[in-house]
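Below you'll find a set of structures to go through.
In the two complexes below, subunit A is the common chain; its partner is subunit B in one and subunit C in the other.
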Partner chain A sequence: MTTEKTFDINVHHVTRVEGHGNIVVNVKNGKLEKCELAIVEAPRFFEAFLRGRSWKEAALITSRICGICSPGHQLTSLKATEDAMGIKVSEQTLLLRKLMVAGSFLQSHVLHVYFLVSPDLVGQPSVIPLASSMPDVVKRALKLKKLSNDICDVVGGRAVHPITMIPGGFTKIPAADDLKKLRDRIVEAIPDIIATVELVAALAGKLPNFTRETEYISLGGGNGEFPLYDGQICSSDAGLTPDKNYRKMTNERVVRHSSSKHTAVNRSSYMVGALARCNNNAGKFNATGKKAAAALGYTAPCFNPYFNNVCQVIECGQIVEDALGWIDKLLATGLKEEPVSVKPRAGTGVGCTEVPRGILYHEYTYDDNGMVVDANCIIPTGQNLANIDEDMKKLVPEMIDAGKSKDDITFALEMLVRAYDPCISCSVHLLDVQFVE
Partner chain B sequence: MKPKVAFFDFTSCEGCQLQQLNCEDELLGILAAVEVVNFREATSVRRDDYDIAFIEGSISTPSCVERIRKIRENAKVLVTLGACASTGGLNMLKNFQPLDKVRTYVYGDKAGYFDTLPVRPVDQVVKVDYKVHGCPMDKQDYLETVKALLSGREPRQVKYPVCVECKMKENACRYDYGETCLGPVTRAGCGARCPSNNYICFGCRGLVDSPKTDAANDVLKERGLSAQDVLKKYRLFYGYSEVAE
Partner chain C sequence: MKGIRIIGVGNEMAGDDAVGPAVIEALRGRALPECVELICAGADALGVLEYLEDDVSVVIVDAARMARAPGNVLTFPAANAKVNIVADAWSLHGIGLAHVLKLAEQMRLPARVTIVGIEPASVQPGQGMSLAVVAAIPKAVDSVESIVRSECEAACAAPAPRRS
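This part shows the complex of A and B:
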């Protein structure tokens, strides 16, 4: 039984998340009065400083919204610019971009599951003590991380803020030999992925048994492939919508306790990310994805937000198999230099892709010289913030009723925030407001 | 006694912290040689008894100013990691638009909710002992600084422009493709990574010490260009030097 009926929880700068957020809870006489994740990251103002910059620089600049999601920001930015200027890309460019998506997802998921989440499940403050107590596990994580970074290095010239991806294609095409070597290393890494599935399956019992059904939004539709780069916007409540309608599928608004805006569509909040993607696209799992899902005890739809981490592991399996397919296609056709020539023109375009933390939208309006007139970026973490608040509002009273202590509640809340893998520096940037001169 | 180290992030994309974690082959060796007492992104341990503080990000709010001053008081050695902390980085673009307009554009009539200041690199607020440059910082450059600090010697600092490294790699000059490249005046140390990937240098490592602007102007003149043609490009990462001049 909890001894306290009145208490406050203030977790200042939640650790093991990307960016700065505080958990604030006030309970008075056993009743929850206030419960929120306050976003205290310094505002970034990316949309404001994109204005007046060239179409060639948009991806380079938006990449700097977030280091860990930089390949995803670049790809989404490129799609928006290409949409605005009517630029079509080749099959080779498409496959190389998907490979970049694979590398960046694997990188992000491995980092999150091994470095940020697993310490909670084994009762450690960080991954550092695990380096001596579970050296094989840490070495496996580093090996997988290095492989995923090397995928991005080979394709993009660099894993953090890649260099080679430009509107219309690539400045440099990877050598076939380098892709073959990557292929061999991915095949070698499959046992490591299986070991990751087993590790998380063994620890999944420690995830809190908490459920709250919400609206799940991700990419959907497409050609039967698990959609990460192409497709339409898919809502578990409302079905498919073209990406042009993204504003209706987000409805950004400014709230007092967060320098990142909140969003909502058909309910008071919705969720994006690995759980949303798996819930909406479980029918498109490949053999490895299916095996991982079965081993981890995941069936769609799942309403436990803590299972977002489980879904990240499923996606690691899914991505590795898909990446092998994309490399095989590239090698079978033969890699060739494809000079890119773009004539900038005025227009508005929307780009939409999945990044590790969920669906990401960029929209730009360009003038005749290809200079940015207007910019809007809607970030996954921003879309999840309202949903995190709603989860906390259900979780805290449930735990109070079950007689849990303040420490238990605090721990469960920190784990909840981490489960969403929030990327706060990403989410703080914003806009949706017309500029008034 | 192992040196106690701490990592702090300010206004940034946290990509430089990620670059540290991306040193997969060296990470366990580094962790064995130091004691990490504060690293919010990676651990729940938080202590203020550190010897070396690594700082990522620029200073852009009143609370950033307060926080960096405290860190300076606690740290024996303070090292900035990457462009945002070392030169202000891309965040500086904000300073070229009136602050109230920037805030209104992004937050509308709710602009007053969130404090913001003109962006500054860390050394404009507190003393910085060493800088690791780049956006993101280069892994080799970072490892060199860490190794030097742990063995009690001065980190090796490169004093020539990117053009030197680019020539050594035998890359074709980006100017010969009709592009404008900042290699002639940008601090090297990245191995000319962007030109080697057929992309221009956009100056993420900041101005080289005593840049040879005459020679850079000659390069521009030969192509019928003037300093004005590249100035806007400089602004991406040289914002603070531009304001200072």
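This part shows the complex of A and C:
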């Protein structure tokens, strides 16, 4: 047993996550009384902002929900609008959108694994001490970040809050030469991806050996490709269901300790994100994904939430190979301008895609003039919150029984929250300077 | 390697934090030597790191809390200042310039960095800068141009390396 039988853990603003969340744990006489991740960010009210705005603006507005997942929000928004107005998109649009997904996933995963997770695995408080001992590792991360930004730049017109994607297609398509250059750079980046797999494989033994089976929800079905942009909603408990049924697959509810709503379907909680995607779709790994999974010791299904980070690395390999295939298809068919003409109409539509942190839903209702009457967005981090609470409730008693110290428990909890890669808000950056006299 | 990179950093939706990008915009209207590259990094401070990987002169323009009155402009080599990392800021959204300068130092990146800091009045969310900071933009532009003049003499006017 721990030396202390009664203790509280209060981690105010967990570090290396996006936004503000507090871990609150109360243990009395060796018994867990309370254990939760309190979300203290203010609500964002994006759904209310959308009401009364035009169908042309929805994707541009919702893009601003997140500076990291802006392409993902746009794509989901476009799908919802297209669903509401019965708009079909071309094969070229589909492939270009998937390339955006690739760029967006690669950027988010690379930065999360290198900058926010790896310090835990090497016992450092941040990436800064790593930079002096392993500058090449940090340079590799930056190179991959630049590549993923450039993918979004070439396809979307800019890396953050892209501007070329509209309901029905693109206002501007990339030049074939630019896509060819991108292809060469992706090929050049393959050794960097392999090195990333090797780095994380060497450190994966440091991940806590904790398991808790839960329901895993992600996209599934589709055409045999690892589904990130289209498919149906897939639950590890209940199988496939169309995206129209997303409300039954989320069941948002308000909880006392969090300004973000919680969700649940077949159990008290479920998990979304890289681990859920890999558990539900491991049969669809391409050769690179399979190799990465084998090197990292991942086999589906895996019930260790800390493996979400391992699955992010598998997905980097998976995405790079798929992206090359999509570019080859685009180049083989030949890129062409496709004029888009949309006649707005009344209707309700749902869009559902995977973003780096998990499955994302947008639903809009439009009036005859194409103005938003009602909107609903369900974000992955919100869907994971109940699952994080449930993991903590199992993990803390196990660690108390194993005689772990309060510090060990605190570290394991912070690492758990980071494993989910939660994205709670955006922040201000300011230099704080003291002069050396 | 020749060249001077002028990089404006800051979130244009966070009050006076917008001053870095605003100075870059003001510099676009000035006649600058060809060796000068103007870069607006916006809120992506991490993106600044890649510009520090070469042996060049880099000027970073940013709002900086320097214990001066709002609108004060100070120019100083990054190496001469202790840039504090504000606690809890490590996240993909929150990688600030302080982290980036520290990372560059730890990685021993070769760029020589000068900071033109402008003391903000407020960096609360919202568009529009305070009067004191808007009034400081011409002075910040002057400061950058004076660095450019002295660096350019060193960078551009230096005799070409002799081929052996």
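Details
By our rule, the second predicted complex is superposed on the first by the 424 of 437 C-alpha atoms of A that agree within 3 Å, B and C clash if a C-alpha of one lies under 4 Å from a C-alpha of the other, contacts with A are read in each partner's own complex, and residues count from 1 in each chain.
The definition used in the following text is that contacts are C-beta pairs under 8 Å (C-beta built on N, C-alpha and C of every residue); 3 or more make two chains touch, one makes a residue touch a chain.
Predicted model only: the values in this text are computed from it and were never measured.
Looking at the shared chain after the overlay, A:47 reaches subunit B, while subunit C stays out of its contact range.
Put simply, more of the residues of subunit A are touched by B, taking subunit B and subunit C as the two choices. Once chain A of one complex is fitted onto chain A of the other, the partner contacts of A:171 are limited to subunit B, with no touch recorded for subunit C. In the overlay built on the shared chain, the residue A:115 is in contact with subunit B and with subunit C. When the two complexes are overlaid on their common chain A, residue A:142 makes contact with subunit B and with subunit C alike.
In the superposed model, A:280 makes contact with neither subunit B nor subunit C. Of the two partner chains placed by the overlay, only subunit B lies in contact with A:163; subunit C stays clear of it.
By the touch criterion defined above, A:67 lies against subunit B and subunit C together after alignment on the C-alpha atoms of chain A. Common to the subunit B and subunit C interfaces on subunit A are residues 13, 15-19, 67-68, 111, 115-116, 126-128, 131, 138-139, 142, 145-146, 149, 160, 425-426, 429-431, 433, 435-436. On subunit A, the positions that touch subunit C within their shared complex are 13, 15-19, 67-68, 108, 111-112, 115-116, 126-129, 131-132, 135, 138-139, 142, 145-146, 149, 160, 425-436.
Taken in their complex, subunit C has these residues touching subunit A: 9-11, 14, 17, 43-47, 49-50, 53, 62-67, 76, 80-84, 86-99, 102-103, 106-108, 115, 117, 120, 123, 125. Across the complex, subunit A meets subunit B through its residues 13, 15-20, 42-45, 47-49, 51, 57, 60-61, 64-68, 70, 111, 115-116, 119, 125-128, 131, 138-139, 142-143, 145-146, 149, 157-161, 163-164, 166, 171-172, 254, 256, 259, 425-426, 429-431, 433, 435-436. Residues 9-19, 21-22, 24-25, 27-28, 31-32, 36, 39-46, 60-61, 64, 89-91, 93-94, 96-97, 101-108, 110, 113-114, 116, 135-136, 193-194, 196-199, 202, 236 of subunit B are the ones that touch subunit A when the two sit in their complex.
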